[in-house]
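Two complexes come next, and they have one chain in common, chain A, joined by chain B in the first and chain C in the second.
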Partner chain A sequence: AGPSAMSAPGAAAGGGSRSGAAEWGGFEDNMQGGGSAVIDMENMDDTSGSSFEDMGEMHQRMKEEEEEEAEGEAGAAEEEDGEFLGMKGLRGQLGRQVADQMWQVGKRQASRAFSLYANIDILRPYFDVEPVQVRARLLESMIPVKMINFPQKIAGELYGPLMLVFTLVAILLHGMKTSDTIIREGTLMGTAIGTCFGYWLGVSSFIYFLAYLCNAQITMVQMLSLLGYGLFGHCITLFVTYNIHFHSLFYIFWLVVGGLSTLRMVAVLVSRTVGHTQRLILCGTLAALHMLFLLYLHFAYHKVVEGILDTLEGPNMPPFQRVARDIPVVSNAVLNTTAKAVALTL
Partner chain B sequence: RQYGGYEYSQQSGFVPPDMMQQQQPYTGQIYQPTQTYTPTSAQSFYGSNFEDEPPLLEELGINFDHIWQKTLTVLHPLKVADGSIMNETDLAGPMVFCLAFGATLLLAGKIQFGYVYGISAIGCLGMFCLLNLMSVTGVSFGCVASVLGYCLLPMILLSTFAIVFSLQGTMGIILTAGIIGWCSFSASKIFISALAMEGQQLLVAYPCALLYGVFALISVF
Partner chain C sequence: FTGLADVSISEDIPVEGEITVPVGSHSPDEDYSTLDEPVRDTIMRDLKAVGKKFVHVLYPKKSSALLRDWDLWGPLVLCVSLALMLQGGSADSKDDGGPQFAEVFVIIWFGAVVITLNSKLLGGTISFFQSLCVLGYCVLPLTVAMLVCRLVLLAGSGTISFIIRLVVVVAMFGWSTLASTAFLADSQPPNRKALVVYPIFLFYFVISWMILTFTPQ
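Moving on, here comes the complex of A and B:
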C-alpha cells in the first residue's frame, strides 16, 4: 500500500508537468526575454537557493498559465497548490510553501493508506476459513434447529456472508439485464450493490439494536454472519425464478426456501433470548423483513418481462389475465424466446 | 519524493523532457514498478552520456518474454504456475488485454470502455482487500491488478465469439460458463502459487468468478 500511495501524487504531478511540457519550452524563452513582473520577482529573489524551489515556483506559474488557457487538468495536489496563488506577495516563501504542502500531502496519503491497512487487519480472523467449512455452513443455513432451549452456536466468519451478498448482486444484475430493466436515476450496478449491501448491513444493525433492547446474547459479527447466510435461500430462489417465469413457482419457493432460512435464523435467535415478549418482537421483526425483502426483490426487478409478454398478447388476451399463469409450459417458453427475440431486434 | 530526482544545474533552469531523456544513466530498473509516464519519471538523472542510455522497452519495464510466459500460464489452465513470475508488477500486458476486450466489444456494437474500466478498477480493489485479509503475507495492489488483467484473456475470446454469434442461447450460456470457469481457475491458480495459500483455491476462485461473470454480462448483453 505504501508505494502505491506515494506514486499516486507522483502520477498527478507527473501528469501535470507532462501536459505542460510544450509550454515549459515557451516559458524558457520568456525567461531570457524578460519583461513581466513575475519573472523579475524570481531574478531578484535571493532566498530561492535550491533547485527544488525553482521547481515549485515554475510549477506554480505553469499552473497559472494553464488556468488562463482554461485547461482543466488540475489534480488533487495541484489544487492544493492553487490555494497559495493569493499569497504571491511573499517572494521566496512561495516555493518553500509549495514544497511543504507537497510533502504534507504525501505524508497524509501515506498515513491514510497505513491506517486503512491497519483497519483491515482487524477483520483478518474472520476470513480464516476452509472450503469444507463454508460448504457445511451453507447447507446448515437451510436447516432449522430443533433445540431452542440451549444457545445455538453461530459461526463468526465474514467470508461466506460477503460472498453470498456479492452473489445476490450478480443474480440481481443478471435478472435486470434479462428483463431489460431501465433505471432512470443511477446505474444498474449501483442499484444492485446498494440494495444488497444496504439490506445486509442495515437490517443486521437494526436487529442487533433490537437484540440489545431485548437482551439477546448476540454480537454484531454473529448477526452479520447469521443474516448473510440467511441470504443463501434468497440467492437460490431468485436464481431459479428469474429464469423460469412462473408466478406460482415463485410463491412456492418463497414459502419453502425463504421460509426455511427464516426459520433457521429465528430458531437461533430464540435460543439466545429469554422471555416471550422479547422473543416475539425480535423474531417477528426478522421474519417479516427477511420474507418481505425476497418479495421486493422479485417484484421490483421482474415486472418488465411481464410487460413485454402482455404487449405481445395484447390483442388476443383479456386485459386482466396474466400470461404466465394461464398458458401451459410449452407456449410460455415459446413466448419467452419470442419476447427476447423481439426485444433484441428493437 | 515527487521532485527528489530533479537535480539540474542552477543556470540552465528546467530542461524540456525530450532533452532530459538522453542524459539518463542506466540503473537496471526493469523490475521496478512500472511508471508508464517514464520520460518525466522521478528516477531520471541529468549529466550522463548517450551511450549509457538503456533500451526504451527495458526502461519502461516491458519485458516481452515475461509477458509471453505469463500469457501462456493463463492459456494452459492445467499447467502448474510458477509463483515467482508475479514478483514484478507488469501492467503493460493487462492494459493491452483490457483495450483488446473493449475493442472486441466495440466490434459487436457496444461502446463500453467506461464499464470495463470501472469494473476492473472496483474489482481489483475488492480482490486486493479480500486477498490481504485471507493470506498470511500481504499482496500489493499492482500484483492483484496484474494477475486479474492477464486472466482476462479468455474473456476476449468470448467477446470475439459474440461478434459473430449471439450468446443468448443455450450454447452461449454453456460457453460463457466455461470461459468464466477458465478465467477464474487460472487467476486462482496464480494467486495461490504466489501467496502460498494451499487448500483455499476454491475460496479464491469464487470471487474471481463473480468478477469475470460481470465482464461476461457485458459481453453477452
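Moving on, here comes the complex of A and C:
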C-alpha cells in the first residue's frame, strides 16, 4: 500500500513529480516495510533498530511528503506560482500541516522504538526448547568433548541457564539455612541473587570481550548459554556439600565435578579459537574464574555474609545464633546433631 | 493482498444466511444499575469473587474460574499478610522490619513476574495478569502454613516443633505447587509442562524456605 500511495499524488500533480517518484523508487524497494510503520520481524537485522538509520528514513519520508503537500497545494497553478504560494502559506495551512507531520513522524518513531525494544518476542527464539533437550544439555555440560580441531556447536538457548542460575540462588539460600547464618532473610536474599546473576552476566561479558580480542568465534548468547550450563556442576557440588559438611568431600567434588564442567567449557572454546596464545589466555581465564567462583561460594561467601551481618547488627549479638563454619573446631556431637537435623530436612 | 483480487464467487452458488443481531440481554441494564446499588453490594460481590477463588485454590479441580475473571485482590491480601507475619524474625527488635517486608513483597511479585514471562516465552496462551492471579492465589496454603508455624512456635521451639513445622510447610508447599500447576500447565503445549512447572517449584520452595526458617526473637 505504501508505494502506491506515494505514486498516486505524484501522478496527479504532473510531470515534475513523476521523475521525483522514479528517483525515490529505487530507495523504496530497499526500505524496510516500504513506508508502512509495521515492523516485519522476519526482516529484522541488527541495524534496523538503530536510530541513525531511522532518522535517515524519516528525513527522506518527510521530505517526500512535504514535496507532495507543496505540489498538492499548487494544484492547478503554474509551478512558479505554486512555489510562491507554498512559501507564503508557511504560517498558515502548510505550517500547520508540517507541524502535524512532525508530530506523526515523532509518534511513529516512538511507537516503532517501543514495539521494538519492549517486544517480548525478541527473546522467544531463545526459549524454544523441549524438556528432553534441556536434560540432554545438562548431562552434556559435564562431558568434555575430545574433538577440538572442529568448532563445537553451542546451542544458543537461555531457558536452561536462567533456571540454573535461579537454582543456584535457591541452593545458596538453603546452604545459609543449614549453616544457621540466617538473621535477616532479606539482605541475604538480595546478596544471593546479586552474586549469582552478577557472576553469570559479568563473567560472560568479560569472556565475550576476551574472545573478541582473541578472535574466537562465539556470540554473546552462546557465551551466556555455555557459562550458564557450566553452573550445573556448581549446583551439584554445592547441593551435596552444603548438606554433608566435610572439607575433603568438598575438595573432591570441586576437582572432579567443577573440573569436568570447566574442561567442557574450555574444550568448546578451544575448538573455536585459533592460535596457542589466544587459546591459553581465553581458557586460562575462564578456568580460573569458574573454579575460583566455586571455591568462593563454599568458603568466602559465608564470611562475606557474616561480615554483612556483623556490620548490620553490631556487637550485642546473642552468641548462640552464630555457628562457626570451621568444621575441625566443632565437636563430633554438634556435627552429628547437625547431620541429623539436616537429614530430617532432606 | 494482490492474490485475493483473483478470488471470486461463482454465480450459481447462492450465498444466503441470516444476519441477526443478538438481542441485548439484561447485562446493559445491570451495568447501568451497578452505579446505583449500595456500596455494601459492590464490596460483597468482590469479596464473594475473592472467596470463591480461595475455595478453588483449596480444592483445585480443573476449573477455569481463576483464569477467566482474574483479580489481584486476593494475591495482594495474601502477600501483605504473609509479609506481615514474617516480621519480627530479626534478632534486634530495635530496628527495621522494614526491609524484610519489602523483600518478601518484592520477591513474591518479582518471582511471579519471572514465571509469567517464562511461561509466555515458552509459548503459553495465558495472559500476564491471569498468570499473576493464579500464582498469587496459590500462595494461600503457604500463608496457612505460616499461621500454623507461628502458633507452633508460640508453644516452643525445640526439635519436635521443628518437625511439625517441617511437615506442615512441606505439605503446604506441595499443595501450592499442585494447585498452581493444575491451573497453569493446561495453557502450555503438552510436551513443555515440565519446563513451566520447574520455576513454579523453585518459587514456592523459596517462599517455603522463608517460612520454615522464620524464628521469632
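Convention: the second predicted complex is superposed on the first by the 178 of 346 C-alpha atoms of A that agree within 3 Å, B and C clash if a C-alpha of one lies under 4 Å from a C-alpha of the other, contacts with A are read in each partner's own complex, and residues count from 1 in each chain.
Everything below uses one rule, namely that contacts are C-beta pairs under 8 Å (C-beta built on N, C-alpha and C of every residue); 3 or more make two chains touch, one makes a residue touch a chain.
Computed from a predicted structure; not experimentally measured.
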Partner chain in contact with A:Leu213 - chain B first, chain C second, else both or neither: neither
Touched partner set for A:Met102, first chain B, second chain C, both or neither: first
Chain B versus chain C as contact partner of A:Leu173, first or second or both or neither: both
Contacts of A:Tyr159 with chain B and chain C, given as first, second, both or neither: both
First (chain B), second (chain C), both or neither touched by A:Ala136: neither
Contacts of A:Gly190 with chain B and chain C, given as first, second, both or neither: second
First, second, both or neither for A:Leu201, with chain B first and chain C second: neither
Touched partner set for A:Leu292, first chain B, second chain C, both or neither: neither
In the superposition, chain B vs chain C on chain A residues touched: B
Touching both chain B and chain C, residues of chain A: 120, 123-124, 126-131, 134, 159, 162-163, 166-167, 170, 173-174, 177, 189, 344
Contact footprint of chain A on chain C as seen in their complex: 86, 89-92, 99-100, 102-104, 107, 114, 117-118, 120-123, 159, 162-163, 166, 191-192, 194-195, 198-199, 202, 205-206, 209-210, 212-213
Chain A contact footprint on chain B (complex, rising order): 1-3, 6-8, 10, 13-14, 16-17, 33, 35, 37, 39-42, 119, 129-130, 132-134, 138, 140-142, 166, 168, 199-200, 202-203, 206-207, 210, 213-214, 217, 221
Chain C-touching residues of chain A, taken from the complex the two chains share: 120, 123-124, 126-131, 134, 159, 162-163, 166-167, 169-170, 173-174, 177, 182-187, 189-190, 313, 317-318, 321, 341, 344-345
Residues on chain A engaged by chain B in the complex (per definition of touch): 1, 3-4, 6-7, 9-11, 13-15, 17-18, 21, 24-25, 28, 31, 51-52, 54-56, 58, 99, 102, 106, 117, 120, 123-124, 126-131, 134, 159, 162-163, 166-167, 170, 173-174, 177-178, 189, 340, 344
